[in-house]
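Below, chain A partners chain B and then partners chain C, in two separate complexes.
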Partner chain A sequence: MSSTIAIALAVARKDLRAEWRTRELVPALAQFVVLALVIANFGFQIDARNAPTIAPGVLWMALVFAGLVAFGRTFAAEREQSSLEAMLMTPASPVAIFAGKALGATLLLVGCEAVLLPALTLFFGTPLSFPIIATVLLATIGMAALGCLFAAMVARVRARELLLPLLTLPLWIPFIVAGGQAVQVAMGASGTYDQALALLIDFDILFVVLTSLAARFVLDE
Partner chain B sequence: MNRYEKAAAAAVALMVLAAGAIFLFAPTDALQGPVQRIFYLHVSSAIAAYGCFAVVLLGGAIYLRSENLAADRLARAGAVVGLVFTTVCLVMGMLWAKPIWGAFWTWDARLTSTLVLWIIYAGYLLVRRLAEPGRQAARFAAVVGIFGFVDVPVVHFSVTWWRTVHPGPVIVNDALPPEMLATFLFTMACTLALAAVMIAIRYRLETLADGPVPEPAKVVAAVGSRDAEPVR
Partner chain C sequence: MSILVANGLTHWFGSQVALESVDLTIDTGEHMAVLGENGAGKTTLLRILATAARPTSGRLEIMGLDALRERRRLRRKIGFVAHAPGLYPALSAAENLEFFCTLQGVDRSRAAETLGEVGLSEVASRPAGQLSRGMQQRLAIARAILHDPKLLVLDEPDASLGSDGADLLAGVMRDRTVILATHDHALANRLCQRTLVLRHGRQVGTATRLHIVQ
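Coming up: the complex of A and B.
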């Protein structure tokens, strides 16, 4: 068990170091989410009055599509270098390698969220409070587990850019339902925040367990 | 006629009988009028779709455990047929919703989760098409089928606290008059028989498409080489 964690951390560290040296993904994602806010502004005619009702939707749209790009890239570099096969030939368990990849991708997406949330506050005037940050981080865990699983799958498939959103988005809907409600409440809508957050944690546990069971079949292939 | 043609003819005959029961035997609804007759096939096709996707789940799980090719073919057949019945259910639901709710669609829990179900299994079929045929396609599709089946109740219950306009279960609540209940049960039995026949025919087609099972010696040779023909 401890070796599994050590391997996962090593893989995650490798991915983060590669990102630190190239500085490709996080700046691109940061630009992407700011652009999403700009487009939302023109799409919705945002003013001070309607901003709090529109902002949660814009937040999740930007996050979901940034997540698709981030997780799609997770296995792209490995595929281009054929280095995933090399990693899988080591005695390390595929689940540990997958966990490391997922952890690395999660942290990169968190980096993107560190731009998205302040930008949302800046441009939409919504609060940047602890409940909102907690919701987004909790949703990121489950979304990353699912996103990385399907990114690993489509990396070996034709038309992968096409297939990743089609497979991932429907399975992310529970996180958007619960997370969307929690953020709406945190931004002033009526409803119960605790219930939505508890549901989000349930989904995290369910999908992290399922993903770790399924990862072997996807990576082994 | 071979046995598949006989089974298909029997299933069609049963559906014609069900149509007779729906239009001639069942009473007209006092509030909604004739449009309520959509109910019988709408609910039956939803149940048939759930059954088909349960077949996909079981087939996928068995394939992942034992690499049983027959289980994978069964899952493939279930996905196609299930998608057909989900489409029937959605389209009939929309036709019913327009006169009763005033709109073809509302973002109701039941409707939304059924649409998500449709999208997930359409994705399942896309994975089958885009992955490398053989072991890879079967494994990936099995994973999608399992996650898809788990996701549907999750989506469904995650949105149930929203206000819902879709009626709840009327069968188990004993809310139907006896003629309507009899018509519904008969239609459901016919629809399930139709689904079973469709799965059987689709399974046969998949078996033919897979071709003959390779000799054991060829399997060993193919495993050794990356460029070999995929072993089915």
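Coming up: the complex of A and C.
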């Protein structure tokens, strides 16, 4: 168990170190989410009354597309460099490798969220509160697990950029529905925050367990 | 004593046969070269023998274990240098090896030792992406021997190693069982006791050292 954690942490650390040195993904994703907010700001007539209803939708749209890019790159880069095979040729558990890749991608997306959430407050005048941050972080965990699993599956396919959204988006819908509801309530709309958050936690547990079980078969060709 | 026994190894890519009924026995400590033109099936055979790929049919036993079922156990004992170096260009040479030390479950100090063995100590802190192709190949070889494997599978490792490449390979191959794919017949004769020749995925012959391969 300890070696599994050590390997997962080593894989995540390696990905974050490579990103820190190349700055390939996070700056581009941060620019993308800010641009998405700018476009939404011009596209909708936003005032204090409708902001809690519209802003969550814009938040999840930006997050979903940023996530698709971030998770898609996690395994595509490994395949392009032929380094995934080198990792799999070690006795390290494929589950540990997968967990490390997912953890690294999650942290990169959290970096984008650190830009997205304050920018949302700036453009839409919505509050930036702990419940909103907690909701987004919880949704990111489950979305990362699913996104990375499908990214690993399609990495060896030529049309991976097309296939990844087709496979991933339908399974992200529960996170978007529950997360959207929780953020709406946290921004002042009516509804129950705790119920939506509990649903997010349930989805997280379900999909993290399922993807961990499936990772072995996906990675170990 | 045999370290590797393969029977009827066959591999299909779609409707095309890449490897057809290859039988092979390799003794402990033996160095065997695999020769053949491009597309002869060398890489496919080596990937199967290194447990990186599964054959469509056939049996493979390595160190007494069923190589198709016990792949993870065997990977502790097999070192593989693939066609592409498979390095992380943003990480330094030392960081690349230290990362693989963690994955192999060996002490990180092995990274510095192994870099010395392949003559890369001076560029240990240089990003792998900035190393020459030959140095990257040396780094890939260093990664393959990090865990001191008993069986070494080398797919054209001499491709860009330079003039002292044969000496480096001879050092790395010492005291190990080695399967080496190459186009260089002279190198095969110098480093290996036996040669397997493939053509269109078929085993067309074997020869011992100094035999001229027709």
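To be clear about the criterion, the second predicted complex is superposed on the first by the 218 of 221 C-alpha atoms of A that agree within 3 Å, B and C clash if a C-alpha of one lies under 4 Å from a C-alpha of the other, contacts with A are read in each partner's own complex, and residues count from 1 in each chain.
Throughout what follows, a contact is a pair of C-beta atoms (placed from the backbone, for glycine too) under 8 Å apart; a residue touches a chain by one contact, two chains touch by 3 or more.
Everything quoted here is computed from the prediction, not taken from an experiment.
Asks: With the two complexes superposed on chain A, say which partner A:Arg21 touches: chain B (first), chain C (second), both, or neither.
Replies: second
Asks: In the overlaid three-chain picture, which partner chain does A:Val218 touch, first (chain B) or second (chain C), both, or neither?
Replies: A:Val218 sits against chain B, while chain C stays out of touch.
Asks: Between chain B (first) and chain C (second), which does A:Pro91 come into contact with in this model arrangement: first, second, both, or neither?
Replies: The answer is second: A:Pro91 touches chain C but not chain B.
Asks: On the A-aligned overlay, A:Leu163 touches which partner chain: chain B = first, chain C = second, or both, or neither?
Replies: In the superposition, A:Leu163 touches chain B alone.
Asks: First (chain B), second (chain C), both or neither: which does A:Gln81 touch?
Replies: In the superposed model, A:Gln81 contacts chain C only, not chain B.
Asks: Across the two complexes, what residues of chain A are contacted by chain B and by chain C?
Replies: On chain A, the overlap between the chain B and chain C contacts is residues 220-221.
Asks: State the interface residues of chain A toward chain B in the complex, per the touch definition above.
Replies: Within the complex, chain A contacts chain B at residues 146, 149, 153, 156-159, 162-163, 166-167, 169-171, 173-174, 177-178, 195, 199, 203, 206, 210, 214, 217-218, 220-221.
Asks: Any idea which chain A residues touch chain C in the complex?
Replies: Listed in rising order, the residues of chain A that touch chain C are 3, 6-7, 10, 14, 17-18, 21-22, 81-93, 97, 220-221.
Asks: Of all residues in chain B, which touch chain A in the complex?
Replies: 64, 116, 119-120, 122-123, 126-127, 130-132, 135-136, 139-140, 142-144, 146-148, 150-151, 154-155, 158-159, 161
Asks: Inside the complex, what are the residues of chain C that reach chain A?
Replies: Contact set of chain C toward chain A: 50-54, 71-73, 75-76, 78, 80, 82-91, 95, 99-100, 102-105, 127, 143.
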